[in-house]
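Per-chain residue numbering starts at 1, and chain names A, B, C and D are given in the order in which the chains are listed.
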Amino acid sequence: MQIQIEYYLILSAALFIIGVTGVLIRRNAIVVFMCIELMLNSANLTLITFSSYLGNSIGQLFVFFVMAVAAAEAAVGLAIIIALFRNKRTVNIDEINIFKW
Amino acid sequence: MIDLIYLAVFLPLLGFLINGIFGSKIKNVERSKIPFLGEKIIGLIGSGAIGIAFLIVIGAFFETLSLPADQRTNYVNLFTWMKVGALDVSFAYQVDQLSLIMALVVTGVGFIIHVYSIGYMHGDRSFWRFFAYLNLFIFAMMNLILADNFVLMFLGWEGVGLCSYLLIGFWYDKDFEKSTTSAAGLKAFVVNRIGDVGFLLGMFLIYLFFDSLKFSEVFSRAVSFDVPEHIFTLITLFLFIGAIGKSAQIPLYVWLPDAMAGPTPVSALIHAATMVTAGVYMVARTSVLYAMAPTTMMIVAVIGVFTAFFAATIGLVQNDIKKVLAYSTISQLGYMFLAMGAGAFSAGIFHLMTHAFFKALLFLGAGSIIHAMHEQQDIQHYGGLKKYLPITYGTFLVAAMAISGIPPLSGFFSKDEILWFSYTNLGFVFWLIGVLTAMMTAFYMFRLYFLTFDGKPRFDEKQTHPHESPKMMTVPLIVLAVLSAIGGFIGIPEIFSGAHGNAFHSWLSPIFKSANLKLSYFGAHSHFEEYLLMAISVAGALGGILGAAYIYLKRPSIAVNTVEKFKSIYTTLWNKYYVDEVYDATVINPIVNSSRSFLWKLFDNKIIDGLVNGMARSVGDVSALIRKLQTGIVQSYALVMMIGILLAMFWLILSF
Amino acid sequence: MENSLLLTYLLLIPFIGSIALLFIKAEKENLIRYFGLGISVIAFLLSLVIYFNFDPSNSSFQFVHKFKWIENLNINYFVGIDGMALLLLVLTTFLTPLTLISSWTSINKKVKEFTFFMLFLELGMLGVFVSLDLFLFYFFWEAMLIPMYFIIGIWGGQERIYAAVKFFIYTMAGSLVMLVAIIWLAIHASNYLGKFTTDLVELYSVAPLFDLSIQNYLFIAFALSFAIKVPLFPFHTWLPDAHVQAPTAGSVILAGVLLKMGTYGLLRYNLPLFPAASLHFASFMSTLAVIGIIYGALVAMVQTDMKKLVAYSSVAHLGFVVLGIFAMTQESMQGAIIQMINHGLSTGALFLLVGMLYERTHTREISYYGGIAKLVPVYSFFLLLVSLSSIGLPGLNGFVGEFLILLGSFKSTVLNSWWYTVFATTGVIFAAVYLLWMYKRVVFGKVVNPKLNDLTDLNKREIFVLVPIIIFIVWIGIYPGTFLNVSEKTSDKIIERVFEPPKVELK
Amino acid sequence: MNLEFILFIIFAAISVSSGLLMITRVNLVIAALLLVVNFASLAGLYLILNAQFIAIAQVIIYAGAIMVFFLFVIMLINPEHEKKFMDYKPQLKIFGVIISILVFIQLTYIILLSKPSEGVSREVEASVKAGTIEQIGRELFTNYVLPFEAVAYLLLAAAIGALVLAKKKFN
């Protein structure tokens, strides 16, 4: 039985939604961050699925770039979390509201 | 000389410019030989300009007289003023019988008063300014009189109002009654402006229906065009509002008593002899239109006779010499309007002329008295001035008799003619009120006369030393006295002159011909009736004089007792029926107060500006509200984002 | 067509002048003043050359010069004038040097910037009057706000920032609506012309063909912008603030020229472009105008600040102009044009006079004064004459304008009611009340305030500023033909465009 | 029921369950390790899809480098565990979950409705060729050399940024 492209897409959607749910319900900034990584990966899965099904490598190139960006993002983001933790002694994002008007 | 009539208009303007621009410098010209040389030069320029103008008018008069009766209307066109669409208004002068009479009176009396003023204003700080203003006034008045169209007439009309304003407030730092002279001037100007609005609207209506503002065109079209009567009524009513304002009739008369704040020659020239009669002149000028509107004629007559009576009652109790004369002027103007309303246009103009003589004389006499009494104007502090001021006394007596209508002085002829026409053309009631007014006039004039000249002095003779005025002032008095005495003879009624007819009437008759054709008064009246009525009015006048003599010379107690007995009536009259107060309370204060507290402080600042600023503020407020959504909790942003995605996808699904 | 560049030269004079001014050292204040004055006088002389080369018997635009600007959108640098624009042009170049002289001593900080902004302002104003391209017009219309904003904001009174911002945002809000309308107009006109263009002459030929509803929207958008500028009741509240806070020169230019742009805009754009809508809105606009006349006068009457009084009187005076415009008769149109000039002269002079008094005493409160006739007779004379001109005394300029407007509006078939005129005429009474009452309180009476005793009378420089204005006040009053002739064909043309709009086939 | 399909089922099950477990774990270290599992299973899926290079890179970069980074940070700041992640504004969080589920239903609905499988069918050779290092390298250093360089700079900037941020306190 051939694996239909829908399966991959639905799997990707499921992972993405898991990531979203995590972002919405977790307080810990690090977990939220990890959820974002999960969402990025779900997007990657979609890209690769299409790349494979269309026989075109450009989707995979994009995944490569996404990985690089994810690495950069993780580096900066975690550095921010460290800096924040030093200041506020917390990584609970509902206690961090310096963006408030 | 007719062609030079514009000089009679513009020479006074030249005088105004010279005195106005260089006056303050001329005034300081000094030569040791001639004292007050500067003043003399200024006076010479001022009165000289009017004198020459007078000569030109006389020349034009005789030239016109030499022309056949049907060619006596001439035009002098100077230059175009406004030419837009159908409107073509020029600085053009119409020299005809009516305007010449008026011009003669204005320049003649004006010249006399100018000469008088040289004496009266002697030593005044702003001597030059006074003559400048007077000359400007004559310029404006000449425009009013000689204009061949409504707009130029309006120029004169407003111009004389301006001069009146300036001259009433001439002593701008002097107090007058409860406020200042400048307040009186302002009042005069504003009340006149109310009338002017009527004049303007009348002009607009005329232009709308006759497509022209030139007298000759309008009058010929008024007869030939098919315009409904109510339009004529409207036009003439609007014009009459203008006349009411200028000629101080009810209900716009209130400015004239206050106008006495000005120097006395001004009261004589502007507020007695010339400017205030402009309304009468205007009605006479537009008699064709009035003749088409019988309703208006009736209104004019009613307002005229009512004003005459009303003002006379106030005049009975006033103690300020100029105030008495002011109310008398209002009353006499009422007579003139009565004449106009009765359709006796030339009789009205006749009275205008004689009134100019004797009222100017009365004011100048009053000025001479005030001068002698060191600015004291209250007749209660006069008395026995006969011996101190012989010339003033004599001329004043002539004038008082003339205004009371004692034959054969000028006032008798003119006033009696008006009464006669009001009897024949309007009815008995008008005549009766007229005669009553004449009686009162005689009474208060002689009350004034007796209290001033007869009896014992009621002032401190040791402190006040009344002395006769200089020749510069007494000569004009004498000239005016002669005119007041004999001025009536040019208009002797037919019953006396017989076949010669009334010279004045026949001179003016071409002007009022078309108006008189429209007005048809019927009913024959016998000569006996005329004699009888004349006798009654003369008897009434004599009765008034004798009554005054009895009360104020023999039994002063009667006056006091009457006042005591009718205290409320007296105070009402003394306070001039509280008309000023009523106007203040019902018109002026509400407008000013509501403008201040409602329109400005509330409506403008709070509501309109509040809306503007409120709009600006509400933008800020809404932004502040929206800002509150930024809780800073990233999760809530994410949640909102998800809701957005949900909705967007929902829309996507629906549109599949 | 050798003189077709004259208008461009006229625009270049203040432009080059203001640029050149930047190279003068700021410390050389007198040099800067003379330089600015010189530039503005040259502009005035050139405008006189234009005046004498103008052919009043020709009803089309003259001195037309066209130059490609933004080719893709058919937007051109397109200038030209008719009689009305010519009068306002000369008024602008006439008032600018006078205001510069009047601020010779009163402006003593940042003289260089001030002179620069004044020249810049002149450029903007001239540009508005000569533009025949909507885009170019809008460019100048907005550009002019900038110098005025700074003039009020830097050299103004206590509340200058508030006034400047209010002035700027208020006018800007209106202008933006107009910008939308300009774009809409040009796009909609492209259906008829086959191309997008903001060329006014081409738009004249097609805009009247639009549906009434479209015309109405466009009319409202344009009229809103102009009504704010005029200012028409109830959009007037920026005016008292701006006037009171602005320095004298700013007030004079504001009253003298800037306000005229609103009425000029109505005549140049609203009436010829949207004739059907103009007829449709004539009664409405006239009603606002009449309310403005009475309202402005009543509010002016109770002011305690002289400048505010004059500012509110502007509302009343310009109400007359708007009434004259929308009565759409020859008389009223001519009256409106001449009244624009009159108001520029009379109110300009009033602001100058108030400014001169302010320079001496640093207060504009009426109650501070009283009895100054004795102290400053020359000043009192000028104030009286100018007040009378503003009141509309026959023989002075105000009367000619008001009379023609009222006469025309009375017989107007567009308004078709006497009441507009009847109510407007009562404004004549109130004009006398507020100005003469102020005059009485300031000039007449006894000197009560001892501080006034060292008041000095006008000096030669100030008299030199006022006399030219007085000459024109009397000239227009006695012989308005000089000016009426110039604008006669223009107003006829505008009326013709309203009542006989062009009929062209749809392309 | 071929091997490929069985593997897909297995990896999909692992990834979903590890994801769900991750977001519900209180202990951060366990959550991070679950994420590693998740990433690894994704790498498996990539292999099924013939994306060999990306699968390796996934393991090396994500499961290796990035997740180690996470673990380091967790060790470094050692924050206290969330006692109950639902204690703060539970209604809001439940609402968030509901929204997420709704979005998931929508996504699935759209995916099923648009039937992408009708348009594309997988050709093994083409997909194998697309996933080779050679092919990716060729693309990367010819057509996409500019983005590649840009990403290099991005990483450099991120490295410096992270250094600066983590080095000192803000104020």
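One rule holds for everything that comes next: a contact is a pair of C-beta atoms (placed from the backbone, for glycine too) under 8 Å apart; a residue touches a chain by one contact, two chains touch by 3 or more.
Values in this document were obtained by computation on a predicted structure and should not be read as measured data.
Novice: Return the chain pair with more inter-chain C-beta contacts, choosing between B-C and A-D.
Specialist: Ranking B-C and A-D by C-beta contacts puts A-D first.
Novice: Based only on mean CA positions, could you tell me how far chain B sits from chain C in angstrom?
Specialist: 38
Novice: At what distance in angstrom does the C-alpha mean of chain D lie from that of chain A?
Specialist: From the centre of chain A to the centre of chain D is 6 Å.
Novice: Measuring centre to centre with CA averages, how many angstrom lie between chain A and chain C?
Specialist: 64
Novice: Please tell me the distance, in whole Å, between the geometric centres of chain C and chain D computed from their C-alpha atoms.
Specialist: So the centroids are 69 Å from each other.
Novice: Spell out, as numbers or ranges, the residues of chain B touching 2 or more other chains.
Specialist: In chain B, the residues touching two or more other chains are 635, 639, 642.
Novice: Scan chain A for residues touching two or more other chains and write them down.
Specialist: As it turns out, chain A has residues touching two or more other chains at 20, 24, 94.
Novice: Indicate the residues of chain D shared as contacts by at least two other chains.
Specialist: Chain D, residues with two or more chain partners: 96, 99-100, 103, 107.
Novice: Every touching chain pair, please?
Specialist: According to the stated criterion, the contacting chain pairs are A-B, A-D, B-C, B-D.
Novice: Over in the complex, which chain B residues touch chain C? Could you list them?
Specialist: Per the touch definition, chain B meets chain C at residues 24, 79-85, 87, 91, 151, 154-155, 157-159, 162, 165, 169, 172-173, 180-183, 185-186, 189-190, 193-194, 196-197, 200-201, 203-205, 207-208, 591-592, 595-596, 599-600, 604, 608-609, 612-613, 616.
Novice: With touch defined as at the start, can you tell me which chain B residues reach chain D in the complex?
Specialist: 635-636, 639, 642-643, 645-646, 649-650, 652-653, 656
Novice: Which positions of chain C touch chain B when the two form their complex?
Specialist: Those in contact with chain B are residues 166, 169-170, 234, 236-238, 295, 298-299, 301-303, 329-331, 334-335, 371, 373-374, 377, 388, 393-395, 399-400, 403-404, 406-408, 410-411, 421-422, 425-426, 428-429, 432-433, 436-437, 440, 443-447, 478-481, 484, 488.
Novice: Which bits of chain D are touching chain A when the two form their complex?
Specialist: 1-2, 4-5, 8, 12, 15-16, 19-20, 22-23, 28, 31-32, 35, 38-39, 42, 45-46, 48-51, 53-54, 57-58, 61-62, 65-66, 69-70, 73-74, 76-77, 79, 82, 85-86, 88-89, 93, 96-97, 99-101, 103-104, 107-108, 111-112, 115-117, 120-123, 125-127, 129-131, 135-136, 139-140, 144, 147, 151, 154-155, 157-159, 161-166, 169-171
Novice: Quick check on the complex: what are the chain B residues that touch chain A?
Specialist: Checking each residue of chain B against chain A gives 627-628, 630-635, 638-639, 642.
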